[in-house]
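Chain nomenclature is as follows: A, B, C and D, assigned in order of appearance, with residue numbering initiated at 1 for each chain independently.
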Amino acid sequence: MTKNIKKVVLAYSGGLDTSVILHWLREQYDCEVVTFTADIGQGEELEPARAKAIAAGVREIFIDDLREEFVRDFVYPMFRANALYEGEYLLGTSIARPLIAKRLVEIAVITGADAIAHGATGKGNDQVRFELSAYALKPDIQVIAPWREWDLLSREKLLAYAEARGIPVEMKRASGQSPYSMDANLLHISYEGNELEDPWQEPAADMWRWTIAPEQAPATPAYLELTFAHGDVVAINGQTMTPAIALAELNRIGGTHGIGRADLVENRSVGMKSRGCYETPGGTILLKAHRAMESLTLDREAAHLKDELMPRYASLIYNGYWFSPERRMLQAAIDQTQQVVNGVVRLKLYRGNVTVVGRQSDSDSLFDTAIATFEEDAGAYNQADATGFIRLNALRLRVAGRKRGG
Amino acid sequence: MTKNIKKVVLAYSGGLDTSVILHWLREQYDCEVVTFTADIGQGEELEPARAKAIAAGVREIFIDDLREEFVRDFVYPMFRANALYEGEYLLGTSIARPLIAKRLVEIAVITGADAIAHGATGKGNDQVRFELSAYALKPDIQVIAPWREWDLLSREKLLAYAEARGIPVEMKRASGQSPYSMDANLLHISYEGNELEDPWQEPAADMWRWTIAPEQAPATPAYLELTFAHGDVVAINGQTMTPAIALAELNRIGGTHGIGRADLVENRSVGMKSRGCYETPGGTILLKAHRAMESLTLDREAAHLKDELMPRYASLIYNGYWFSPERRMLQAAIDQTQQVVNGVVRLKLYRGNVTVVGRQSDSDSLFDTAIATFEEDAGAYNQADATGFIRLNALRLRVAGRKRGG
Amino acid sequence: MTKNIKKVVLAYSGGLDTSVILHWLREQYDCEVVTFTADIGQGEELEPARAKAIAAGVREIFIDDLREEFVRDFVYPMFRANALYEGEYLLGTSIARPLIAKRLVEIAVITGADAIAHGATGKGNDQVRFELSAYALKPDIQVIAPWREWDLLSREKLLAYAEARGIPVEMKRASGQSPYSMDANLLHISYEGNELEDPWQEPAADMWRWTIAPEQAPATPAYLELTFAHGDVVAINGQTMTPAIALAELNRIGGTHGIGRADLVENRSVGMKSRGCYETPGGTILLKAHRAMESLTLDREAAHLKDELMPRYASLIYNGYWFSPERRMLQAAIDQTQQVVNGVVRLKLYRGNVTVVGRQSDSDSLFDTAIATFEEDAGAYNQADATGFIRLNALRLRVAGRKRGG
Amino acid sequence: MTKNIKKVVLAYSGGLDTSVILHWLREQYDCEVVTFTADIGQGEELEPARAKAIAAGVREIFIDDLREEFVRDFVYPMFRANALYEGEYLLGTSIARPLIAKRLVEIAVITGADAIAHGATGKGNDQVRFELSAYALKPDIQVIAPWREWDLLSREKLLAYAEARGIPVEMKRASGQSPYSMDANLLHISYEGNELEDPWQEPAADMWRWTIAPEQAPATPAYLELTFAHGDVVAINGQTMTPAIALAELNRIGGTHGIGRADLVENRSVGMKSRGCYETPGGTILLKAHRAMESLTLDREAAHLKDELMPRYASLIYNGYWFSPERRMLQAAIDQTQQVVNGVVRLKLYRGNVTVVGRQSDSDSLFDTAIATFEEDAGAYNQADATGFIRLNALRLRVAGRKRGG
């Protein structure tokens, strides 16, 4: 069932896959293609993408720097939740997709396109994230996912298709500079495929790109102070920074010290297990520091409730539900708690380790030395209160014990 | 209100505090004191405690090696839950208290005592854990917590009391070998007090006792293989071990490689924040490995549900509710999932880092390479299925978007 | 894409829809059809289905009375959880589907069939429930859902198809005795469609089939005593009954007193809202009584945890995940609590109202009159304990109040 | 330990208990007493309380009509959550206590008092609710709970004390017009004690005060339309009303039709089980109607998340944590969802039954007839999408089934 499409906005990197898609869309749908290329900190030049799009005869070309929006409106809100998928994954790819989808849909409106297209495969999470976001934001949008439609299901077929149509292919990419399926943005870089498909096999040492191996990292630890305001990092070592600049700086420092590598088997949205490796140097530091800032300033029960809700919040983001009522509902709860998450956290970075070594908050610390001290406290805390506290907490257990014989 | 007590079982270490308590109980209550000293892996000889108890005229002395029971019936079940209190604390002290309380109560029954006594203070968590456990197991037991009753609220007063009564005080302890309040068992050693009462101050380097500093750890990584059966470690590097021996071995290896230090501000059961430092080398390895084993063998939704229930389970243990209906209820759910958690995890240990580098399970792996592969999969997975999956997951978002303008 | 099917087991009622499906399957797939008809208490004779299947030339005909299995292994476990979908729906249809699917798959194994087929539409929940269950139990089974494949999408087309092929159609059904889409089993009868598609419109008075309208119910209340063992009803008014007989009796009594009608808008598994009306007389009584039994015998925290888990448990059943690891995990937790849910509940039934008027449990009541009394309690409870209890529960609030100005 | 108190604000009803407390406070603490009497809809004249306070020589007398604040800022926010404690209790007493405490503390500030006092007993929930609220709002406030301090633990002793001091006692109260311990406000009236202390005994028919017995209620049903804006009732039968007036009107109508009686065993904050009976006519209607309004307008997943959080939210209110960070956090999540809960619900009231018979929302209904219809839908929903939806949802179950044999 070929849809009737007149114009489609394509998420376009200029690489082999999306170059082939650009041609395939025209062939298959006889439609005009608008390209959209975003800088979300993936570390690639965008001008080559523009040049290729021009060369391919694209008339409407959108190239946007979304780095600040990405960190401010997506990464930072997510870190307020201490989000961690399945105990390990910092959601680096997941959190970028809704932003791309949002911009695709905006461009569709601007250009009068009736569809969007992306290069994500039919087995992965990203198709789900792109499409749920797009449908939520523009329910009548049409979505084309070529990998689910065509039969070009291997690199060889893609190359043959490109060659037959004269699509220029950069040789270093075509020859497969990296054997991994990768994704990068300001939060992380990810690796899948190749030897990683065997979960027993250790990744090759030369796979990692953003972080120095702990073994090669400096022998001298670095200390770092992060300043938080309302749960977000606003300064590093006392120097105020925008969100994107702060995260880039944390990536730089963290990478130097071998911080943020993860190797894990995860459960995909579409139901299979897959193996992924990730480098998230800045995010790893950020999570540790944010938890420490909260440990000093957040009420116990609010913190515990956040911990109980976090896995669900993380799953929502992983599964593509950023633009959903339930994510907004959880975000409202999380953000409500962050008004008091203000202060400074001091960290030590050393060969892969991030250690919290200090936290302070003049305005919002709930740490009360007078009460907590092991020394005599001059009445700040009445030890006798504990007797009643324990006895009433035990009451239901005692009644049951009496009835049931302990 | 002095209770009428004839015989009391005291949790007795032989140190200054519990030696004073032994005398104080007799003075205060005119009662007989039974001493109980347990080996739960704290790393101290027990015979000196026996000698001191004899010297103090105690007639009923109980000294028990509880290490295997501790790990088998308390630590291992807890690790099946991946329990972590407030995202950081491995519950080393918390999990030992119910076992001590259980044995105190058993000895009370054996000796016909009408009370138990412990040396935990009125500000801390341990009083809560001891007493909730004791009340649950023997509702009519009386509990004496001298720290909540007496006025010996400083070390100086304790020493004066001891001197006045001729209680022998080991000089190295009396002179305060360690300035910290410490607790140790097979799972961890903890530190509180002294400079740690300032959450901005980094702990002194010589505070740590179980682990080598990452900077001083070997320059060569170690690889380790842990074999799991039903969620529990049963072998290390292929060698079968009992629970207590396995945990001791993990402590030894982990300590060598600088693994398992934690420095955190936590929320106590009694309502205050406090700062604690912990060394949990074996437990840190165990948590990482167990999660990895589950990542391969556990169903996604069961794993996610475990993650959502975990913070509550951890709080229950932290707050002393091991012997409660709600902990048993959660344990039933957790244990039900662990039948399939079988296989081997391979880990790399290096200067404070524990990295999972492999996981396999012949019998129970749910990782299906045919489905997960990035290569053509010969029909194991039908990519077209994703379209319907996404479209129906999006349906509610689209209906709402249409109504509310996206 | 027509699958290669040799033999298919059809869930067959003998009505118009499944009679057409029987012929359509043979035409479409050139395959043999095995019919399966179950008695799950829907209140219809099964022999006519047998006769029709014979007449249609079916060679393997399975007709099973599954009523006891249905109530014992599906309904009762679900009621232990107090399951209620979206606060209102007692899951009458949802809980029957996994049993049908289980039996379809068993028959497929027995008869060597390679597929199963059902008559549920592509818009509803039942397709999801049938198929998730079947795939979980027999992953390689093929599933044929004619409503998603054919173009007979209206009653007129079905009748035309039947007429053209000489499929006998009972006139009273063909002429549409009931204008509603209905489903019935021992737990409930449901109504959808027709005027119910307007959520503002009250259902016609003659729609309801199982219950007398409260206005027409007896003017005299009935009293009823239900005996519970381990959370299940085992006797009514002192008379021991099997699960299916007990539920049938509760339906009879409840129906007489106008109990168990519900009219609601619910969220379907496939993402849309729909309006349904339900009569669940026995289930309505059962839920009320079970909660009352638990109120007397269950520990507070276990009960609260059950309440928090219940909505998810109910959603799992609604969405077809009965045979899933996460449902089993929750069931283990729920069942663990029910050992003590023993005793008798006394109820008053009157014109649509079920009121609990008494509950007792000699063996397991945790209601302690000595403690609860408003009169002097001779020391069973020490009121002074409440001071410490409150003060320590307030500690964190007070510290925050001091810092933040209350 | 008698505290040094100069002035105390007493929650004063003018009845026997608080009249005795007034005198006892002066005797015990040699302090000045300020009285505070609130109208929260309990249905008693307040001027007699003023007269009695004057007669008792009180110089600072506060009498406030808090009805609108009570419903607007406490009852309505709570009903947005569909709060129900232990599946049955509408929290009528619980929700009033924080407001009383808030006003007590405000008056303490105004009058320069250093303490507050209340007449709640040491066994109940209300002491906890009063005091946690007061401590949260004014951490340095002192709290006097005479029932936990004095020895006047029976009605006889209270009367003797009153007689000895010439405290005037109204005879109809002293002679015990009602044998129950009661509490009333605009949301409900409650009964405890007397024959209710036996959970097997049905309450006496003449106990109930606000509702007509269903048997005596009108034989003709009443229909009622409630208009919701952002989750709150703003009009009844099209007539706009303030919150307190609306709730009073619902109480009136509901009471007439025998609606809102509950008889239950509940778990108290202090650890015991107790039996209570409640009449909540307006609240019972409100809960049913609010759920129905949400069923039409709220997204499925937001609604389900609300259902999962509700039991905890209800427990927080029951246990006195209204003014806590965790309640505020949950409230933020709940309120965030209510922006779209707009429309009208139509209800039928008949002899104890509240039935929803219609719901509509022009602005926010998510009920899409085109999609939901059983008739042909002209492409609004593609039935084939369900195949992929089911197959991917089943994928993890199939992989596990293959591995583990179904």
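Please note the rule applied: a contact is a pair of C-beta atoms (placed from the backbone, for glycine too) under 8 Å apart; a residue touches a chain by one contact, two chains touch by 3 or more.
Computed from a prediction, not measured in an experiment: that's the story for all the values here.
Note on A-C: across the candidates B-D, C-D or B-C, the interface recurring with over half of the contact pairs conserved by residue number is B-D. More C-beta pairs in contact connect the chains of A-B than those of the other pair, out of A-B and A-D.
Centre-to-centre, using mean CA coordinates, chain A is 42 Å away from chain D. Centre-to-centre separation of chain A and chain B, using mean CA positions: 32 Å. Looking at chain C, one finds that residues 267, 270-273, 299-301, 304, 312, 324-325, 365-366, 368, 371, 381, 384-387, 389, 391-396, 399-400 touch two or more other chains. Against chain D, in their complex, chain C makes its touches with residues 82, 86-88, 121-123, 127-128, 131-132, 135-140, 145, 147-148, 153-154, 181, 192-193, 197-203, 214-215, 219, 221, 261, 263-267, 270-275, 291-292, 295-296, 300, 303-304, 307-308, 311-312, 315, 323-325, 346, 348, 350-353, 355-360, 365-369, 371-376, 381, 383-387, 389-391, 393-394, 397-402, 406. On chain A, the positions that touch chain C within their shared complex are 299-301, 340, 364-366, 368, 371, 381-382, 384-389, 391-393, 395-396, 399-400, 403-404.
Of all residues in chain C, only 267, 270-273, 298-299, 301-302, 304-306, 312, 321, 324-326, 328-330, 332-333, 335-337, 392-396, 399 touch chain B in the complex they form.
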